[in-house]
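One chain, subunit A, links the two complexes that follow: it is found with subunit B in the first and with subunit C in the second.
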Partner chain A sequence: MKKYLQVFKITFKEYFVYRLNFLLWRVRNVAQLLVLYFLWQAAIPEGQTVFGYDQTKMLTYILGVSIIRSFVLASRSVEVASDIATGDLSNFLLKPLGYFRYWFTRDIADKILNFSLAVIEITLVIFILHPPLVFQKSLHLLFLTLLAVGVGTILYFYFSLLLAMIAFWSPENSWSPRFLFLIVLEFFAGGLFPLDILPGLVFRSLSFLPFPYLLFFPLNVYLGKLTSGEILFGLSVGLVWVFLFYRAVKFTFQLGLKNYTAWGR
Partner chain B sequence: MKNKKFSISKYSRVWWRMTMAGFNADLTNRFAAAFFLMGKFLRFSLFLAFLILLVGRTQTLAGYNVQQVVFFFLTFNLVDIISQFLLRGVYHFRPLIVTGNFDFILTKPLNPLFSSLARRTDILDLLTLIPLVLYIIFFLASGQVVTTLTGILFYLVLVLNALLVALALHIIVLCIGVLTTEVDHLIWIYRDLTNMGRVPIDIYREWLRGFLIFVIPVGVLMTFPAKALMGLLSWQWVLFSIGLSVIFLWGSIRFWRYALNRYSSASS
Partner chain C sequence: MCDILSVMAVVRVRGLKRYYQVYEKEPGVGGLVRSFFKRKYKEVRAVDGVSFEIEQGELVGFIGPNGAGKTTVLKCLSGLLFPTAGSASVLGFTPFKREQAFQRQIALVMGQKNQLFWDLPPMETFVLNKEIYDIPQKKFKETLNELSRLLEVEDVLNIQVRKLSLGQRMKCELIATVLHSPVVLFLDEPTIGLDVVMQKKIRDFLKDYNRRHRATILLTSHYMGDVKELCKRVIIINKGKLLFDGQLNEVVEKYAPEKILSVVFSQEFDLRKLDKIGKVKELDFPKATISVPRGATSVAAAELLQHFPVADLNIEEIPIEEIIRQVFTGK
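Now for the complex of A and B:
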């Protein structure tokens, strides 16, 4: 446990080497947030309801997605692909260190830092723009939201690892499938709009895929739009996907190691 | 004059050679190229579908109907893709500075600004550009937005003008890359800021709109050409846009000279 704490601390400190770089990275997130915020504010005037959302609920959704995204989707495990491609993976295989645990620790450090800055940014946005917001007071729903965020976090971690492992078979091409995946994710995780504005059949089909459990589902739990049964169903589907991805990652890693030649070493 | 003409032909040949080299490099990696191409098409199609779904339901967005909003998005893509296609070298610039390999560019008998901007051409962008241009022509020909001959003329002038502003902004990104070794994704910040022009900038509050016209002229880049085509932009704004692009381009070239004088050739 102690060694992972050190990994956590080192990852955290890495960001403070290039502070300006990191802060400017956050500017990108603010720009993305402002597009969505003003787009939805213009689309749903005060007092009107579109797709079952009034302005208050939609703006809460957009700001909430920004916060949840900063935690669930912040990740360093994308670098696993470069470990494999450059042969650096060999260093880890020789060390008394759990490779997945190592990357999960780095992910958590990344998430905490991004989340902290996102909270500051959103606070500033609220302070400047004064949006009408829904503040969830039910402790029960807040707890379930945290649980859903936890499921999404672990799901994304395995998702990301699995994508990185393409490098075992195609070391020079691991970025392009991730690029495609990120585009699919942007739309089908609910980062751009709440998925329930889609036609009923499309939405119902999506609810069986892993994407909604990264952003859309936790936010909907927070907004109190789901019944207990729907929350239970969502958590169950999310957990099933976590299990499937966990097994897929383990299997692919073992298979990949057989193919791994420590190229370049 | 003769010498100048010769230069243009020389630079065209160099650009063509570099483009072909880049294309060949892309072809060696067909798997990656196919995924990137698929991603680009998917991103375009899904956002278009989202806009149609949204404005189809609300009927208007900041006073624009669904066809107009779609046309804003098409114009955004046109300017965005052309500038990415021609100026892809900027995305690969910072490593040259950090490693000191920029020295090799400086010692070659080519303008270093040209080499830095155009040393890479993304042929995949060209593949997405062709269907986009066809779609825009079809969109206009089918009368989905009302326009006039003057509107089309203004549109073409302002798209060209937008490309000049994009060029100026890319040069500024290069300059900051030379002056600081710390910022490695300024071009992505530029991309995110220009992404604010995927929708008409009228949706933003006045202070933000002002910022997007006068400071980082995303409005001039992305929104003004479409507005001119629909007859929603006065000639004064057209003149303002051209003036702004001239000032930006002039300023960016001055800035480039200033930055070059401060290049420290680190690590080499």
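Now for the complex of A and C:
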């Protein structure tokens, strides 16, 4: 376990090497939040309801999603693709070290850092803009929220790895599918708007796909909008997807390694 | 005492093959579009049926021109590549299975790439490797002190890797790779891009490492100096096939049936007479080089000394570089 602790430390240290880079990264995060915030503030005039959401509810959602996003979607495992394409993967294959665990550790380090800073930034935003907030007091729901965030986190991790595996077969264009995927993901995970403003049939179909379990579902558990049955259903569907992606990643990795040529090394 | 390693070859390669599929891109926009819709694949036989064995403690030079398949063999032996056919075993393990017990005992050094974290000091990578290989703190300290003293990098261990010179970085790479005291070392161009002083340091280090740990070392290099100084035995491959496997001096005997007499004359004479001694390769009075059959060397030398105005005479082997070049080009 100590090896992963050192991986964790190294990941942290790397962030603090370049101060400007670090600062710009944070500015980008705040900017992203503010854009969404003001967009929805303008889209829903005060006192009116759009898609069943009034302004305060929508703004609460946007702030909540930023917090969840800062944990679930923060990730370093994007670099797996370049590891494969450049042959740096070889470094890991030579050592008694779990490659997926290595990247999961780096992801967690990234998530903790990103989340902590996002909390500070969002607190500042709240302090300045005074949006309405929902504090969940039920320990039971808070626990289920953590569980849902955990499922989303692992789901996204395997997602991200699976995308990176493309590099085994197409080392020169692993970025385009990822880019396309990220846009789709933002949309269907509920990163831009709450998914329940979509037509009923579309929304119900979506709930069988993995996307909502990244952002929309954990946030709704927190907001107390779901019944126990709905929470159970959501966690189950999420876990099934985790399992499917896990198998797919394992399988693809083994297949990819047979095809791997350790180029450039 | 029946040590399993002493009765079994440490490295065993049998009919190893590794083929690659590569697709060809034609030049120009037209070619780009065509290759987008229909790709022409070509099979590259990087390694095409190679067999050899290496015993414990041997230091073997693996030579061949660029693209001969050397690196591919090393990658197969260290578990990075899945062989297309044939088998490889190292310390009794099948490398591609990448078992931890196997990984703890081997190392692959690549002169071209690095494992050090670019933005952090080398020390961070060393500590990570310490944890990865479960090296006890005391042993880690000892090994690190010794290696960094030997390679003279004690004062750069805490400087960001990107700020190190190429030589310093390569030496730190080497330290990171052997911290866990591997008993089998694969080295691919370990001295590439280094100056002669640094090359010598690395060679001395390898020689010493081989002796003290009874480590088995297989090394590729384009610098014949590396091979000449380190390896008694060489394996030569070209186009994926094995050309020669044996003692370095046998290469000389096998591929260079001649020796070189280089002479300096003290006064002029009828230079055509030299043809009787042997094949005149270079003539630039007063110097001449003549190649003669290996067995006839002493007779030819005596003849020269007796009948010609000789100021200086040297009997030399054809330089190893020259012989290897002949082997590669098949001349």
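Quick note on the criterion: the second predicted complex is superposed on the first by the 260 of 265 C-alpha atoms of A that agree within 3 Å, B and C clash if a C-alpha of one lies under 4 Å from a C-alpha of the other, contacts with A are read in each partner's own complex, and residues count from 1 in each chain.
Note that in this section a residue touches a chain if its C-beta (ideal position, glycine included) is under 8 Å from a C-beta of that chain, and two chains touch if they have at least 3 such contacts.
Source: prediction; values computed, not measured.
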Partner contacting more residues of subunit A (subunit B vs subunit C): B
Which of subunit B and subunit C A:I10 touches, first, second, both or neither: second
First (subunit B), second (subunit C), both or neither touched by A:L244: neither
Touching partner for A:K258 - first (subunit B), second (subunit C), both, neither: second
Partner chain(s) touched by A:F51 [first = subunit B, second = subunit C, both, neither]: first
First (subunit B), second (subunit C), both or neither touched by A:L142: neither
First, second, both or neither for A:L94, with subunit B first and subunit C second: second
Partner chain(s) touched by A:L34 [first = subunit B, second = subunit C, both, neither]: first
First (subunit B), second (subunit C), both or neither touched by A:L124: neither
First (subunit B), second (subunit C), both or neither touched by A:V184: first
Common interface positions of subunit A, toward subunit B and toward subunit C: 18
Residue ranges of subunit B in contact with subunit A within the complex: 29, 31-36, 38-39, 42-43, 46-47, 50, 53-55, 57-58, 61-62, 180, 182-186, 188-189, 192-193, 195-196, 198-199, 203-205, 208
Of subunit A, residues touching subunit C in the complex: 2-3, 5-7, 10, 13-14, 17-18, 87-88, 90-91, 93-97, 257-258, 260-262, 264-265
Subunit B contact footprint on subunit A (complex, rising order): 18, 20-21, 24-25, 27-28, 31-32, 34-35, 38-39, 41-44, 50-51, 129, 170, 172-173, 175-177, 179-180, 183-184, 186-187, 192-193, 197-198
Residue ranges of subunit C in contact with subunit A within the complex: 20, 71, 75, 78-82, 98, 100, 103-104, 106-108, 110, 112-113, 115, 117, 119-120, 124, 127-129, 131-133, 160, 188
